[in-house]
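First the structure, in the form of structure tokens, and then the observations on it.
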Amino acid sequence: MKSLQKLIVIILTVAMLIVCLAGTALAVEGEPEGLQEGTLIRVVTGDDYVTPVAFMSSSNNWLNFHIYDTLFTYVDGDWNNIRGALARDWAWAEDGMSIVLNLVENATFVSGRPVTADAVKRCFEYTAQYYPSYFDKIESIEATGDYELTITFNAPYADFTSKFAISFMSIVDPDALDEFGDNSLEGAVGSGPYYIADYVSGEKMVLKANTNYWDPEKYPHIETIEVLAINDDNTAMMSLITGDIDYYEPANLDQVDNLEMYDEVYVIDGPKSNYCVWLNGTSATCPALADQRVREAISHLINWDEVNLIVYGGDAETLTSPWHKGCTVDVDEGTIYYDPDKALALLEEAGVKPEDITLNTITAPSTVKFDTAVAGQLTTYGINVNINEYDIGGAMANGAQGNWDIWENGAAFTQAAPSFGFGTMIAQSGAMRTFMLDPEDPAAIKVQELYEQANQAITIDEMNEYYKQCTSEIVKAYAFIGGLFKPNWGAFTNRLQGTYIENGYRYAIFFDAYIAE
Amino acid sequence: MAKYIIKRIILMPVTLLLAALFIFMMVSISKTDPVLNMLPQEYTQEQYDALEHELGLDQPMLVQYVKWIGHAFTGDFGTSYSTRNSVWNEIGFRIPTSAVLSLVTTVLIVIIGTVLGILCAVHQYSWIDNVINVFSKMLSAIPNFWIAMIFMLVFAMKMRVFPMFGTGTVLHWVLPVITLALPGLAGHVRITRSSMLDCIRQDYIRTARSKGEKESVVIYREALKNAMMPLITMTGNRFAMTIGSAVVVERVFALPGLGTKVLDAINAMDVPVILACTTVLCAIYIVVMLIVDLAYMFVDPRVKGRFVKAKKNKVAA
Amino acid sequence: MGEKLLEIKDLSVRYTTDGVIAHAVNHVNLELDKGEILGIVGETGAGKTTTALGILNLLPRYTAQTDGEILFNGVNVLRASEKEMQKIRGEHISMIFQDPMTSLNPVYTVGDQIGRVVKIHNKEKGKEFVEQRVDEILNLVGIPAERKVEYPFNFSGGMKQRIMIAIALACNPELLIADEPTTALDVTIQAQVISMMRSLQRELGTAVILITHDLGLVANFCDKVAVMYSGEIIESGAIEQIFDSTNPHHPYVVGLFGSIPKITRKTKRLTPIEGLMPNPASLPEGCKFHPRCPYCMDICKTEEPEAVIVNDHLIKCHRCVRKEEA
Amino acid sequence: MNVQTMKKRGQFAEVWGRLRKNKLAMISLSVLLLICMAAIFADLIANYNNIVIKQNGAERLMAPCAQHWFGTDEFGRDIFARIIHGARMALLMGFGATIISVAAGLILACVASYFGGVVDMVIMRVMDVLNSVPALVISLAICSGLGAGTWQLIVALSVAGIPIHTRMIRSNALGVMGNEYIEAAKSQGASTASVIFSHMVPNIASIIIIQITSTVATNILMGATLSFIGLGVKPPRPEWGLMLSSGTDYMLKNPHMVIFPGIAIILTALSVNTFGDCLRDAFDPKLKGKA
């Protein structure tokens, strides 16, 4: 009886495959033209979008991408490859001290008001309150025409177009902000492919398609997207398998293995992102870290291949600098390698016994496994590690306060905006400070210098060169002690086709998705 | 009687206030600084101080508590640190979910538990007694998040009989209520059994038999009503345990109740939401405790007798 | 004498708890005619209550084993089905227990508890009959009918015992068993309860088995007496024979009388009976009383004495039989 | 609950006699002893540093085999060793927290019942307030205040247990207080402490022991639940609740990660419960007798 069943199953799957192939062949052309009426998908992105206004939180990337537009946007997440979005085209002045932007004329906010130059100008007045450093070099922003914007600088601003392509630089309807304020649901009015129809905190957010969206390339097919807040990974994973939800970001490799056992679901590889591990030179709880030799010793005690094997089954790559592998400012000084003997020798030289070192981490739910693996490496040599778990907001708050000794934070070092990354690494009062060395430390002084020079750079290439030197200084100072360039995944139910994972910000794009008939 | 009830009702808010004070003290000694979490990317020291002052975190703890209580009475639980809108519309709609889950489960436990308990007591040392006994011991030894996980895996995912999460139809509530009820059921059966055994041994049972009553009447009329007395007070503690474990069940089944919210709030150190949720949970519990006490008074003549002035005899002379 | 109401033939009862067997009642024989009053006297643990419960077949189902017969109006109660017993209990035989404080159900009104027994045995009659009967019986036992809506805790010990009596006599039973009805009450209340019971007995013609360790009570209330010691009837007969000190008596009975102060004679010290009741789980050989018997002979230690009729009252003792022959 | 006032030594010997005859009690006691042995000799069975928390990428998620009896977890650590060390944590949570809360309850109850009057009223009012907060909510509040961690978990579990124990012991202590021999001791000028500890405590010893066994199981389960929601023990320390919660991600493909910690918790809680019941029956045989 058993073998008969197997036979039937095989025939069925083969038949299904043929149908699928035929289907996909069809589906590719079969991609629907406009909106598929009445379609609804339920997704779990893991974030609970508490403050939907774009510039209010730096972790709203998925939401910003779906309900707002930015002036510029990256091609395939590459920092240097910028193309226009709301800004159809732009012209730099020769001395690079001013720029004229021509906006697209058919973009309207969901509130019906057109996206005029004046609207963009007033929106940036709000954004400046939250990201002052992005506007330091801007002298003035004037609406010199209904759809023409002239921006003058008081210093060379080579990476202006890249910085204003970041998701929290999205354009929000200023009239809505004036009326409802920037901390409200009603204020979050964008011109993007979707808008927020309903929001129940901690339960779900409902997005509806914006039927008169201006950009044909991002025109939505699916009418309603329900973003659910299910914070139990296992419940979310099982709901995907039963089809109760349509999309879920698997938390780890093993969930991917689980999901791949079920044919109701398909898993796609997203772009890799980096987990960088930092040491806090100014730590109060572990003063030994002020000594560079101790930091270097710790960096040589971690066998990144072993961590890679444990957490990602070998799919990840070892990082030698905080940046994406192959990113313009990526460096490989060859200082990050596993050599326990040298490490122990260094510790002896520094007069510090491994048992005396106690490192406190701050970790978020998604990185607990990675931190435990790294901690495992250190505990085998006697260094004890305390893992303190917070949610993302809590981790950032503690990071800024500096009450950590070893911390995994790779969020800011995306391919898209090295300046964004350096902004957080160096800025003294940033909420995500990661580079923490004693200001008198020669490496810190050198890095500060290079950072200022980068800001004065006229062209992006010149800027990148300074950032590159900045990075190698940081790596040589062993503030950064290694990490993994880890894989990401997106899991979809079969009925959801045509989706991909956005490079750089690694989240699923749904306005391209459609429901397979 | 009325005097006693009024005294209890006046006592209720006082107990609630003191319970809230205890939670306030516990929560506010945490070392993470919530202000930082609310500041934008790059903040200046003035912004930090302004926000801290606005939230009132620079005042001593007791002053904060008094201010919080003042507002709480008017229903304004302050603004949540993470979502920055009023705590009330964050947790207001969640109260019914948690309350319904806990109440329905407790009622279920009491009804089924009592019936099974009586069965065990009446057929002592028979196979029913042993089976129920073993099962109740097993059930009270299994952590309920494990039962929740196994039930979700088997019934919701493999057999697709029940939906996975959320609320809406009655089907959504079946699995959470069962997983929440099972451990409580075990405890209740054991208590009912021992209470029934106690009553069956009393002398008035022998008097009833000497009247020629049928055995079933002796058990279900004479013994049962006496055995019910201690069970009513037990319902209070049962409800407390149910509210406690409801927090976990809500998280696993992603029900939008106070439990999930309080867990998120603890991770995010969102103090006003933690305070509001825990205080509301205590309020629900205290109200139910009052109802249970009053129910006990109405049912037990001995207690009622003490408070009711000499009742005029309604019987015709 | 009258017509035979109750015959207990060679009754033995054994309790087994935790593997230990206790011989509570050993080969008891008793008879009772209609309207007759029998007193059963003995120390606590002599098997009096067990015998009474046997008559109502209320012995615990699992732990008690019984031998012999108890015939009530010709029906063997021990082997009767539960259904038949339920008809008999309350209507033909009823019982009053020792401790009134715990014998009434605390959560039901007094009227309700009395009404139950009337309703069970008069199913066909309506509510008014039951109410009327309850009021009637309450007045009979001297309790105002208005108080029937109150609960047991509203009444004193004596009043509760009257309610017990009301319950027992509500259906005019042929046999009333009173298990130490007055022990838990103080003396003044005792007298009231006993005089009331006597008047009701005369009025309703009920046969009564009065279980007590109070010899005075037996003397002026019962027609005949049986003295029990560790599960056996060691002496029984009419009141006149037992209380006539000239007759030969079982040494235990002599001791019993010896330990009652006589108001008429000035006695310095009472002569108590040494020792304690034997443990029912390990009864002594031969006569059960021999360890405490002042006249104990060798034969008493080995052989169990026969129950012999001595000038028409029964005694179970070697010494009395021998004296008779001698 | 009639309090036997027999000679103390006699009572325990007699109780032990009854217990020994009860087969169920012996089984559950032996299981408990086994777990205690595992907890005590954990270091001998598996060295903490190089086996329990030693990660080994090659041996990730291995099913139970000769080398690893219970298989390995997602970090390649041997689950059998972790369960043995987890026993130490479970007993610490179970017995540690219970003993603290029962001890605190005992002191509070004795003081309240001995002094009576204002002291009693104050203590009882505080207990009422604590009692009006469901136990898990107290633990949540404490964990959020003190942060997650082992000793914080013990404190949370102990404080959650104090109101119930104080109330239970006080009501029994009042029962003992009523006895004449307390007045007698006081009249002979016995010091407060001697009255409390030499007279009151032995008499409520039976209640305390029953109290302890019933709360131990609840504490073990509550500790596991708190670890499950991330407020209890911190990784990499082995704890059954934590192993269960991290195991749920792998449940579908390698169920062994969820089965063994689950069985460990159930076995411990079950044996403690059963032993507790048998102990209660041994102390109060009347309850056990036939109807």
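Each chain carries a letter (A, B, C and D) given by its place in the written order, and its residues are counted from 1.
The rule we apply is simple: contacts are C-beta pairs under 8 Å (C-beta built on N, C-alpha and C of every residue); 3 or more make two chains touch, one makes a residue touch a chain.
From a predicted model like this one, the values you see are computed outputs, not experimental measurements.
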{"item": "Fewest hops from subunit B to subunit C - one hop per pair of touching chains", "value": "1"}
{"item": "Centre-most chain, if every chain is reduced to its averaged C-alpha atoms", "value": "B"}
{"item": "Rounded Å distance, subunit A centre to subunit B centre (Cα mean)", "value": "42"}
{"item": "Separation of subunit B from subunit D, taking each centre as the mean of its C-alpha atoms, in whole Å", "value": "22"}
{"item": "Subunit A and subunit D, separation of their C-alpha mean positions in angstrom", "value": "46"}
{"item": "Intercentroid distance (Cα basis), subunit D paired with subunit C, Å", "value": "52"}
{"item": "Residues of subunit D engaged with two or more neighbouring chains", "value": "147, 230, 248, 251-252, 290-291"}
{"item": "Where subunit C touches two or more other chains, by residue", "value": "none"}
{"item": "Subunit B: positions in contact with at least two other chains", "value": "31, 149, 153, 251, 263, 267, 269"}
{"item": "Contact set on subunit B toward subunit D in their complex", "value": "15-16, 18-19, 22-23, 25-31, 121, 124-125, 137-138, 140-146, 149, 153, 183, 190, 194, 197-198, 200-201, 237, 240-241, 243-245, 247-248, 251, 262-263, 266-267, 269, 274, 278, 281-282, 285-286, 289"}
{"item": "Residues of subunit A that touch subunit B when the two form their complex", "value": "48, 50-51, 56, 58, 129-133, 183-184, 200-203, 228-232, 234-235, 238-239, 241-242, 244, 365, 389-391, 393-394, 396-398, 400-401, 403, 423-424, 427, 429-432"}
{"item": "Contact footprint of subunit B on subunit C as seen in their complex", "value": "56, 58, 82, 85-91, 94-95, 97, 99, 102-108, 116-117, 120-121, 145-149, 151, 153-154, 164, 167"}
{"item": "Touching residues on subunit D, where the partner in the complex is subunit B", "value": "128-130, 132-138, 140-147, 164, 217, 221, 224-225, 228-231, 241, 244-245, 248, 251-252, 258, 262, 265-266, 269-270, 273-274, 277, 286-287, 290-291"}
{"item": "Contact set on subunit A toward subunit D in their complex", "value": "233-234, 237, 251-252, 254-255, 257-258, 261, 306-310, 313, 365, 368-369, 372-373, 375-377, 379-380, 382, 386-389"}
